[in-house]
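Beneath this line is the structure, given in structure tokens, with notes to follow.
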Amino acid sequence: MKAFAFLGVGKVGVIEKAIPVAGLNDAVIRTTASLICTSDVHTVAGTLPLPEGRVLGHESVGVVHAIGEGVTRFRVGDRVAVNAATPCGHCNPCQRGFAAQCGGMLGAYKFTAQKDGNLAEYFHVNDADYNLAAIPAAMTDEQALYATDMLSTGFVGAEYADIPIGGSVVIFAQGPVGLSATIGAKLRGAGLIIAVESKPDRAALARTYGADVVINPRTEDVVARVMELTGDGADAAIEALGSQETFSNCIKVIKPGGVVSNIGYHGDGYSTLEIPLAEFGLGMGDKTIRTALCQGGRERMDRLFRLIQTKRFDPTLMTTHRFSFDQVDQAFEMMRNKQDNIIKPLITF
Amino acid sequence: MKAFAFLGVGKVGVIEKAIPVAGLNDAVIRTTASLICTSDVHTVAGTLPLPEGRVLGHESVGVVHAIGEGVTRFRVGDRVAVNAATPCGHCNPCQRGFAAQCGGMLGAYKFTAQKDGNLAEYFHVNDADYNLAAIPAAMTDEQALYATDMLSTGFVGAEYADIPIGGSVVIFAQGPVGLSATIGAKLRGAGLIIAVESKPDRAALARTYGADVVINPRTEDVVARVMELTGDGADAAIEALGSQETFSNCIKVIKPGGVVSNIGYHGDGYSTLEIPLAEFGLGMGDKTIRTALCQGGRERMDRLFRLIQTKRFDPTLMTTHRFSFDQVDQAFEMMRNKQDNIIKPLITF
Amino acid sequence: MKAFAFLGVGKVGVIEKAIPVAGLNDAVIRTTASLICTSDVHTVAGTLPLPEGRVLGHESVGVVHAIGEGVTRFRVGDRVAVNAATPCGHCNPCQRGFAAQCGGMLGAYKFTAQKDGNLAEYFHVNDADYNLAAIPAAMTDEQALYATDMLSTGFVGAEYADIPIGGSVVIFAQGPVGLSATIGAKLRGAGLIIAVESKPDRAALARTYGADVVINPRTEDVVARVMELTGDGADAAIEALGSQETFSNCIKVIKPGGVVSNIGYHGDGYSTLEIPLAEFGLGMGDKTIRTALCQGGRERMDRLFRLIQTKRFDPTLMTTHRFSFDQVDQAFEMMRNKQDNIIKPLITF
Amino acid sequence: MKAFAFLGVGKVGVIEKAIPVAGLNDAVIRTTASLICTSDVHTVAGTLPLPEGRVLGHESVGVVHAIGEGVTRFRVGDRVAVNAATPCGHCNPCQRGFAAQCGGMLGAYKFTAQKDGNLAEYFHVNDADYNLAAIPAAMTDEQALYATDMLSTGFVGAEYADIPIGGSVVIFAQGPVGLSATIGAKLRGAGLIIAVESKPDRAALARTYGADVVINPRTEDVVARVMELTGDGADAAIEALGSQETFSNCIKVIKPGGVVSNIGYHGDGYSTLEIPLAEFGLGMGDKTIRTALCQGGRERMDRLFRLIQTKRFDPTLMTTHRFSFDQVDQAFEMMRNKQDNIIKPLITF
């Protein structure tokens, strides 16, 4: 089969690999469509120590090609989506309710990090009965793809933010995860959604998805503006960028008792994340910092699908570019260089 | 002043009373608009032991007429709304976070139950700094009125239902509280909202407010239909009617681990409420029953106002009839007899 | 192998059965010790529709005899305990965090209800990597046995009761589950633990385990006495008996905002459970009813073991009688007739 | 009256001041006993900008000397304790359930910070009906004093740590707040309590209060030792010192999904608090950081009293030294220099 792989730091390409085999409790999926993630770009830049030839990608849907012994809920030919996080369901973190940390820190992130990813004609899925989610007949592959990572990650950002009904929330950055957090904040009943974004096209999409105000951090003082809009600070802030500055601003914009919900990836060259102490009440201000990785599992996927089916929002507005799999190099290059206001490129097989 | 009062079981009328006086920490409001509540109808029918001449009503807005010593946040002339529940903020239940139970069971429900209500030209508000909420300049009295009871009660029904994002919820009855619970369920991110209502106009409004499906209990088997729609039961059910049958159905339609959130008033002639044991897992099915009264306080009112200001929904669609205060008898009569598909009658002063 | 089995309503006996086989992901345990549960008595009385020859028992420990393909955490010869509830870890309720309801209502209760139980020389365990728990070397079989059901059930009663630190709780009945709930209430930091029990030996053990007061329901008015002790009602009540009267009293003794945590089995001949409405605030008193089944899984078992290892309490005080497996009939008979103040009989193999 | 006051950075002394007056809703207490807090030492060192003559102290009990208009629950002569935090009960943070942040960040900390403290013969208490707590007749002043700050602060550390029953917790530093957190962790049902402390007397008292293991940070590698004891990290860590190093270690010792509960004061000369990113899962490890100030209010005080009355622990073991008020200078000097293994000095009037 053909697969889009890491070929050394900064290098990628389509290579030929053997179709994976479905072991006990597992499945193999024939891919029909994928999205490329900014994480793939980070990975290629060298943030994970990977062998050459490791397949990239973790946002794919397809059709069950083979199932291993022990799989009872799915059959060959079923149309399925698979979350970027694929917990086992059995280990201690899974039993404790932190399935994203399956087997250890960030352990449910198996694609690319622990085995081949799914930007390939076929891919392997562990614990298929836990991780496969049937795509409803009326749902397109493109719609289903957004549940595999963007919506699940953005939504957990909003869920962990614990926004009171009618409360205020500030969402830093409106890339696809931040946009999904905006959708999520609207779904959780925020009464004032403040997005922080400088790119006009992303700002416009944020408004479509529910942002009441968009602050441009290039031209406005974000913290001052939030204080002006809220009086006493926001109930919550969602960090969807992954930078020291936005993280600090999250602490600064929330009121005492507020929550910072971090879903940004802080892996780009700094080893500590600084909390500004004055605005943190010197460690006694009832401010809470929560952190999350994409949440997997069929049951959650089914709920995300339901929201799309009942038309609460249209995730495909994030698809700015479309490619066939033989153009995957070009799609990746655009993501790497953030060309042409790309948000998400859809890859079809 | 003129006031609409209880004059014995089944009897009401406008009477003359002295304008109340603002004691320590309290305020007196000159009423500008009110809504009549079904609870007023219950009260007149004899559910509360009341002295003759007790003023009815608990959904009013107005202008501060007088403030008592100790009130610091408001001044005479301020335009304010007051929630139906007016907690003190100091007693044990208030300190424990159950302000609706201020001073004892259902104790925050002071209007009519413990002192004169606010279907009158003037009314008294205890603990004004806790209970007055400034109405934003751009908001109409009619909009603000819905925050005093309907939205606050319906929303707590949705909040206590603890609906997971994309989850399913069944809301029994679509009177104004049930309709508000439907709005609330949409605000909390339910992926499938099933309303149960037989009246076509209420069913239509439920759809406008977010119901994906409306089941007619006169012609359909509610429990069977929910099972068909959800597969394994709903994540939550909200009881917004107050009847044994709907309460039982709430237990029946939820899946194990689900929540019944009761906001219906069960004061109409039965002394026990029965839980069907088979569907309750014989008391071990991880089903939870929660109960709530309208939630008061300025901070919550401000959040409800914010949702109206950011146009998340339009509560005034529930206003089916409009009257001046000198027609209050007629308005009450229509509520009592549920004439002309009345949902909420607006009374202006 | 020899097994203690249901032989028709009211009939039991030791029969010969084939040693079970370990299928995929499963294990077979050679039993070394068991406890008999009151649930076994209920079952024999006919509360579950069972085939004759179904093995009884769900509280056993032993040594791994065989493991099926796919099991990676355990090896033949390991000393293990198995919780009475054995979830799969993969189904929707398991993914939602309600593993006791695995696959459907009460579905984690597989022993006896869905397959042979473990009052037998060998027994089968599904999903071994989820459900086996290694017994620490220094821990006796007898200590470990209490984690399989009594402590896990009693503790979830205390956990779901959500007792504030220093709060008050009333625990109805001090059988082994109620005694475990008393231990659990003390572990969660209750400041006033009121046990309700008429038998002197159980009352004495309740005091040893942490009850500050024991009310005798035969000679005292339980509700009045709790009100006298607490002033305004208890923060929580735990129903550990399974009767209409104690359930009603639970509602009555808690204050508004309080929690009733039901762990009693209400399967003895009544089809509805009545809530007294006046004390339930007519459905608006912020009173919550929660229900639970024994909680399984290795991770929880490990935590229960840790509490025993750090000597927080001694569960073996509940062992009032000791038998070898060839006396199991006699032990069961004593449980059935509640002879000689029996609390728990230990069976050794 | 005589009062122990701040007289400029580094300077203290007993001065003469007018007895305070009870305004509306307030009370004045005649002090009978006090404890000195390390916070007083910090304050004198210059961490708060204070006027000279501001009275120090926030841990006092006494007898009601005068009540203002509006106070209904207490009378002159009542024996009362007052928490170090005295919320108003009415402002937005109080209504939101974050009363410690009354009126704004750390705002419930009124003594010394916003007005005279209570190391004086008399002191003023705002919102007396919220903040006075009657001392039970059988309780000594010394016992009651520990509820005013040490226990309330240490316990909120344990409560916010959200320790699962039987879970593991590491408590950094065993000063009086850390010791109280140890008591709190035991009360919440931790199965393994690991204290970190180098001073032998404090280590010994930690063991008395429930620590299963005490790690000496001078001679042991704390993080390595916790990993050895727990296998995969602790469920929670409590920071009760206020230093960058212990805060970092909190992040390092917890497992993914774990909680850092900070109650240490980070006001000593650093403006940011660093989170080590690798152990924080790069911001995606489901690790939560919570922060709290002492929790006030009568209802909580009553629960703390109840725990002392039912003999769950003896807080007076922390009293290492005793003084009369005319020796307060000497007591403060000992606290400032941490002489003679002082933990808490009791001051009687």
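Going by the order they are written in, the chains are A, B, C and D; count residues from 1 in each one.
Following the convention adopted for this analysis, contacts are C-beta pairs under 8 Å (C-beta built on N, C-alpha and C of every residue); 3 or more make two chains touch, one makes a residue touch a chain.
Just so we're clear, the structure is a prediction, and the values are computed from it rather than from any experiment.
Novice: Tally the contacting C-beta pairs at the C-D interface and at the A-D interface, and name the larger one.
Specialist: A-D
Novice: Same residues or different residues: which describes how chain A and chain B meet, taking over half shared numbers as same?
Specialist: Because over half of the interface numbers appear in both copies, chain B and chain A meet with the same residues.
Novice: Just curious, how far off is chain D from chain A if you go by their C-alpha centres, in Å?
Specialist: It comes to 41 Å between the two C-alpha centres.
Novice: Would you give the residues of chain B that are in contact with at least 2 other chains, written as numbers and ranges?
Specialist: 92, 96-97, 164, 300
Novice: Write out the stretch or stretches of chain D touching chain C in their complex.
Specialist: 155, 158-159, 164-168, 184, 187-189, 191-193, 212, 300, 302-307, 309-310, 312
Novice: Where on chain A does chain D make contact in their complex?
Specialist: Touch list, chain A to chain D: 92-93, 96-98, 100-101, 104-106, 164, 232, 239, 242, 247, 255-257, 262-267, 270-278, 280-293.
Novice: Chain A touches which residues of chain C in the complex?
Specialist: My answer: residues 24-25, 69-70, 89-90, 92, 94-97, 99, 127, 129-130, 297-300.
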